[in-house]
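In what comes next, subunit A is part of two complexes: it sits with subunit B in the first one and with subunit C in the second one.
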Partner chain A sequence: MAFTSVNFLIFTGILIALYYILPHKIQWIILLVGSYVFYFFAGPRYLAFLLFTTITTYLGILLMFRKNHSAAEYLQQHADYSKAEKKAYKAKVKSSNRAILIVVLVLNFALLFFCKAMLVEPIRSSMQGNGTLSFLTLGLPMGLSFYMFQSMGYLIDVYRQKAEALTNPFKLALFTSFFPQLVQGPISQFEDLKETLFTEHSFDRRQVAFGLQRMLWGFFKKMVIADRIAVAVQELKGSEYTGFAFFILVVFFAIQIYADFSGGIDIAIGVAETLGIRLPENFLRPYFSKNVAEFWRRWHVTLMEWMKRYIFYPITVSKPMLNLSMKAKKKLGRFGMRLPIYIGSLLTWLATGIWHGFNLHFIVWGLLNCFVIVISEELTPLYQKFHGRFAFSNKRGYDVWQIIRLFILINLIQVTDLFENVGEYFRKVFSLTYTFNYHVLWDGTMTKLGLNTADYVILLVGVVLMFLVSVLQRKGSVRKQMQKIPRILRYVILIVLLFAVILFGSYGIGYNASAFIYNQF
Partner chain B sequence: MKKRVFPIIIITVLITAALFFFLQALLIPKHMSETKEGAMIREYYKNAGGNEVVFIGDCEVYENFSPVTMWEEYGITSVIRGSAQQMIWQSYYLLEETFKYETPDVVVFNVLGMLYDTPKSIGDSSKQEAYNRMTLDDMRWSKLKIQSINASMTDEEREKGGIWNYIFPILRYHDRWNDISKEDFQYLFHRDQVTDNGYLMQVGVNPVKDEYPRIPLVNYEFGDTCYEYLDKMRILCEEHDCQFVLVKAPSLSPVWYDEYEEQVESYAEEHNLLYFNFLEHLDEIGIDWNTDTYDQGLHLNVYGAEKMASYFGQILSVECGVEDKRQDVALTALWESKTETYQQRKAKLEAEKQEE
Partner chain C sequence: MQELIEILEELHPEIDFAECEDLVDGKILDSFDIVTLVAEINEHFDVAIPVGELIPENFNSVAALWALIERLDEE
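For the complex of A and B:
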C-alpha cells in the first residue's frame, strides 16, 4: 500500500474515523492494529522481520528492566553495603545488561546486514549457490532499516537509563511499527514519541486540517515534482550524458531526491498529525546550508542524529580514543587532539554508507562526505582569517554564493546514489572539467529526456513553489502563517494545490510511478 | 465569528466536489470524432427497451448487422450491445444488464469472443486497457459493472489504482489536460448519437485483396473461461425465456478455423441451440468482397451489413419466430424516425466519402 495510492488514502481515512469515534482509551490499540494491517499489505512475509525486531527488543528491555528492578531491591535490602560494594554490584548488573544489549543488537544488526547483503547480486549468488532458498530473494522488507534503528536506539537508551523501559509488549509493538513512519522514517526517539503516541486524543479540527495540509504538500512534492523529473533522471544516467549534461543530472537529481524524500516525510508527519501524534522533522531547509556539516544537520536529521548519538559520540568519548587524543596531541598538535573526532566521523560515515546499502557507491558516498567535512574542519582557521580580512565575505551576497557552492558540492556527492559503477561516476565527474557541451540546453537534448515543454513548465512552477515555501519556513510554520490570510484565499490555495496533484501528478496507467527512493533503504 | 466556519467549510467542500466532477467530465475522452466505438455503450441507455432481438458481441456484430434494415424488411426490432474487442465476460455482464431493460425473444451472440480467454489474450496490455475503458467506462453503475471491471482489468490496471480508476475516471485521464480540445468542451454534458441501435455505420469500400493465410496454430481449444461465460449467457437466456442463438459473422479475419467450428457446432448441438456460420453462406447472403467491406474483409460496410441483416432477418422471422411489429403504431413511428436518422447518416457519410 504505497503512500500515493488511493488505497492508502482510504485506509488512512477509515483509521482516522475509527480513532476518533471509538473510545479514546483504545486509540493506541487501533493504531497498533492499523499499523500491522498496513504492514501486512506490504507483504505478509515481511511481518516476520517486524515481529523479530519487536520481540527481541521487548525481551531485551524486559530483561534489563527486571535486572535493574531486582538490583534496586537488592541494594535496598543491603543498605549496609559500603560504597565500593554498591559500586561493584552495580557494575556487575551493568555488565550483565550490556551482555543482553549486545546480544539483541547483534541479532538485529546481523539480520539487517544479511538483508542488505542479499540485495547485492554477487553476494546473493554466492550465498544461494544452486539452491532455491526463497528467503534469500525476498528483497529488503519495507522500512526494515528505519524501524530497526528506532528500536535499537530505544534499547540503547533503556540500557543507558535515559528512557523509561516499556514493559507492555503491545505498546512497544506500536512504537516499533507506527505505520506513517514505517516506510521511510523519520526515526523517532522513544522519549519524544511516547508523549503523543500513547496518550488519548480528542478530535481537533485545526490539527486534523493541518495534518491533511501537510499530506497534500507531500503529495505535491512527490507526485508532481519528484515522479515527473524522475523520468529525465533515469535517462540522464546513460553513459552518453557527460559534461554539462551530467551537471543537469546533478541538479535534476537534487530536485528529485529532495522532493521525493521530504515529500514522503511530509506525508508521514501529516498522517501522524491528523492523529494528534508528533513526529520529528527530518528536513530543515537543507539546501539553504552553507557547508556540508551544516547540510547534514538539516538533511535526514533523525538518521544523522541517531548516528551521532549511538555511533559517533560513543566512539569519540570512549577511553581508548581519549587516550589516543592525549598522545596524538603531543606529537601532532591540534590535528592530533582532533584525531578521535576524525576517526569517529570516518566510522560514522562508513556506517551511514552501509546503512544505505552494501554497495561500493554507498561507501564512496559516505567517505566523500566525511572527507569534505574533515577538510572543512581543518580549514576553519583559514576561513576565519579570510572572513576577517575580506568584508564582502560577511555580506548576504557571499551567503548566497556559499549556498550555491554547497548545493553543487553536496549534490555532486549525492548523485553517487545513481551509479553502482563508481568508475562511471568519477568519469562523469571529471568530464565536467573538459566537456563543455552547454548546447544540450538548446539542441533538442532536453526534449529527448521523456519530458515535454509542459512538463518543464510544471517542474519550474513546482520548484519555485518549493523554494518559496522554504523561504517562508524560515519565519516558522507555513500553515500557521497561512492562518493569517483570509480564509477564502487560504481555501483557494489549498484547492488549487489539490487539483494540481490530481491533474499534474505522475501516477496511474501509463506512468512508471517510482517508489519512494528511501523505501529501498 | 465561530458559527460562520462550518458553512464556509461545507461550501468549500461542495465547490471542490463540483470542480472535481467538472474536470472529470472535461477530461474523459468523448469519442465523438475519433474511435466512436467508445461512445456506443453510453448511447444504449437513451432508447433502451422494446427490442425483440439483442445482439451481443464485439465489432463483428456492431459492424455487420443493420437493425434498421431488419425493421424495414421484417418489422423486427433489434439492438446491438457491442463494443470494440468486447471480451466474453463483458458480453455476459452487458447481457445481464440488458435484461433489466429488455424482454427479448432472441439473444444473438457472435462466437468470435470464444477466442479470447483472458485480458491478456489480445496481447498488448495498453491496447486491452483501452478496449476495457471503451466497454466499461459508460456502463451504468451496478453490481454488474463492478463484476465486469473486476473480470476485465489488466495486471497494470490492478497494480495502479484498480477499480478506483473506473470509479473516478479522472485518475485515469488526468493527464489529458495537455490534449484538451474544443470537442471536450462541446460534449461536456451530452453526446451525439453515433450508431443506429448499436450499429456503427461505415460507407467506405476497401476490397479484399488476398486470401487470409490459415497459419496452423498450436492450440485451437477455446478456454475454460469462455465456456464458463457462454454457459452463463445460455442459462441467463433460459431463465428469461428467450432463445440463445449463436452466429459467426462473415468476417474473414481473424481466420475462423475448422477446429473452432467443430467446437461451436458441438456446443450448439449439446445444448440444442441454433448456430449459423455466415461464412458458409456468403453467396446466399450476396456478399461481394469487392464492394461490401471497408477494410478488406475484416468487417462489412453498410452495403454488406444491410445484405447481412436482410438474410438474417429472414432466419429470425422464420426459424426463431420473431414477430413483425409493423402493425404497432407507436413502434412504427419510433422506427420510422430511426430509419430517417439512419438514411440521413448514410447519405451524409456517402457525401463525405465522395468529397474525399
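For the complex of A and C:
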C-alpha cells in the first residue's frame, strides 16, 4: 500500500474515523490492529520478520527488566555492602544484560543482513534500472530496516537505562509497527514517541486539519514535483550527457530526491498528526546548510542521529579509542587526538553506505562524505584565520555563497546514487572541467528529456513554492503562520494546492514505479 | 570546574561557557566536540564517561557536565 495510492487514503480515512469514534481507551489497540492490517496488505509473508523483531526485542527487554528489578531488591537487602562490593555486583548484572543485548542485536542484524543480501539486492538493482530512488528501497522488505533500527535503538537505550522498559508486549508491538513510519521512517526514540503514542486523544479539529494539510503538502512535493522531474533525471543519466548537461542532472536530482523523500516524510508525519501522535522531523531545511557536516545534521535527521548514538559514539569513546587518542595526541598533536573521531567517522559512513546497498557506489558515497567532513574539520583553524582576516566573509553575501557551494558539493556526492558504475560517475564529474556545453539550455536538448514547456512551468512554480515554504519555516510552523491570514484566502490556497495535486500530479512513471515497489511483496 | 572551562574554551574560544546553557541544543557542541571532551575528561580527571551518558542534558552546560563528572567519580 503506497502512500500515493487511493487504497492508502481509504485505509487512513477509515482508521481516523474508528480512532475517534470508538472509546478512547482502546485507541492504541486500534493503531496496533491498523498497523498490522497495513503490513498485511503490503505482504503477509513479511509479517514473520516483523514478529521476529518484535518478539526478540520484547524478550530482551523483559529479561533486562527482571534482572535490574531483582538486582535492585538484592542491593536493598544487602544495604551493608561496601561501595566496592556494590560496584562489583552492579558490574555483574550489567555484564549479563550485555550478553542479552548482544544476542538480540546479532539475531536481528543477521536477519537484516540476510534480507538485504538475498532478498533486497536483486530487487533494488532492477528497480534502480527503472529509476526508483535508492532511499525508497532502504526500508525493504517492507520497512524492515526502519522498524528494526527503531527497536534496536530502544533495546540499547533500555540496556543503558536511558529508557523505560515496556513490559506490555502489545504496546511494544505498536511501537515497533506504527504504520506511518514503516515505509521510509522517520526513526523515533521510544522516550519521545511514548508521550503521544499510548495516550488518549480527543478529536481536535485544528490538529486533524494540520495533519491533513501536511499530508497535502507531501503529496504535492512527491507527485507534482518529484515524480515529474524523475523522467528527466532518468534521461539525463545516459552516457551522452556530460559537462553542463551532467550539472543539470545534479540540480534536477537534488530537487527530485528532496521533494520525494521529504514529501514522503511529510505524509508520514501528517498522518500521525491527524491521530494526535508526534513523529520527529527528518528534514530541517537541509539545502540551507553551509557545510557537509551541517547538512547531515539536517538531512534524514533521525537516521543520522541513530548512527551517531549507536555506532559513532560507541566506537569513538571505547577504551581502546580513548587510549589511542591519548597516545596519538602526544605524537601528532591536535590531529592525533582527533584520530579516533576520524576512524569512528569512517566506520560509521561505511556502515551507512553498506546499509544503502551492497554495491561499490554506495561505499564511494559514504567515503566521499567522510572525506569532505574530515578535510573540513582539519581545515577549521585555517577557515577561522580567513574569517578573522577578511571582513567580507562575515557578511550575508558570503553566507549565500557558502549555501550555493554546499548545494553543489553535496549533490555531486548524492548523485552517485544514480551510477552503479563508479567509473562512469567519475568520468561525468571530471567532464565538468573540460566540457562547456552550455548550449544544451537552448539547443532543444531540454525538450528531449521527456518534459514539455508546461512541465517546466509547473516544476518552476513548485520549486519556488518549496523554497518560499522553507524560508517561511525559519519563523516557525508555516501552517500556524497561515492561521493569521484571512480564512477565505487560506481556503483558496489549500484548494489550489489540492487541485494542483489532482490535476498536475504525475501518475505516469513515478506512480507505477511506486506501485511496483510494494507489489513485489 | 575551572579546568573543565579551560578545556571547553580551547575547543570554542568564542563562547562564554559560564553563561551558556544550550551548548548541544544550540548547536555549539557537535558530536566531534563531545567525543573530544570525553577524551579530555578521561585524561584530565581520570573519569570515563560511558556512552549512555552522551546525551544533550549532560552536555548543555558546564554545570551539567561538571555534575556528571562528579557523579561518575563518586560511582
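Here is the rule we go by: the second predicted complex is superposed on the first by the 485 of 521 C-alpha atoms of A that agree within 3 Å, B and C clash if a C-alpha of one lies under 4 Å from a C-alpha of the other, contacts with A are read in each partner's own complex, and residues count from 1 in each chain.
Just so it is clear, a contact is a pair of C-beta atoms (placed from the backbone, for glycine too) under 8 Å apart; a residue touches a chain by one contact, two chains touch by 3 or more.
Not measured: the values here are computed from a predicted model.
In the superposition on chain A, contact of A:Tyr491 is made with subunit B only, not with subunit C.
After overlaying the two complexes on the shared chain, residue contacts for A:Arg389 are found with neither subunit B nor subunit C. Shared-chain residue A:Ala454: touches subunit B; no touch with subunit C.
Legend: residue contacts after superposition of the two complexes on their common chain; A:Glu377 is shown touching subunit C, with no touch to subunit B.
Look at A:Ser325: by the touch rule set out above, it reaches subunit C but stays clear of subunit B. Of the two partner chains, subunit B is the only one touched by A:Ile502; subunit C is not.
The residues of subunit A shared by its contacts with subunit B and with subunit C come to none at all. For subunit A in complex with subunit C, the touching residues are 87, 157, 159-162, 293, 297, 308-309, 312-314, 316-317, 319, 322, 325-326, 337-338, 340-341, 344, 377. Note for the complex: subunit B touches subunit A at residues 8, 12, 15-16, 19-20, 23, 126, 129, 156-157, 160-162, 164-165, 170-172, 174-175, 177-178. Residues of subunit C touching subunit A in their complex: 27, 30-32, 34-36, 38-39, 42-43, 48-52, 54-55, 75. Those residues of subunit A whose C-beta lies close enough to touch subunit B in the complex are 5-7, 452, 454, 487-488, 491, 495, 498-499, 502-505, 507-511, 513.
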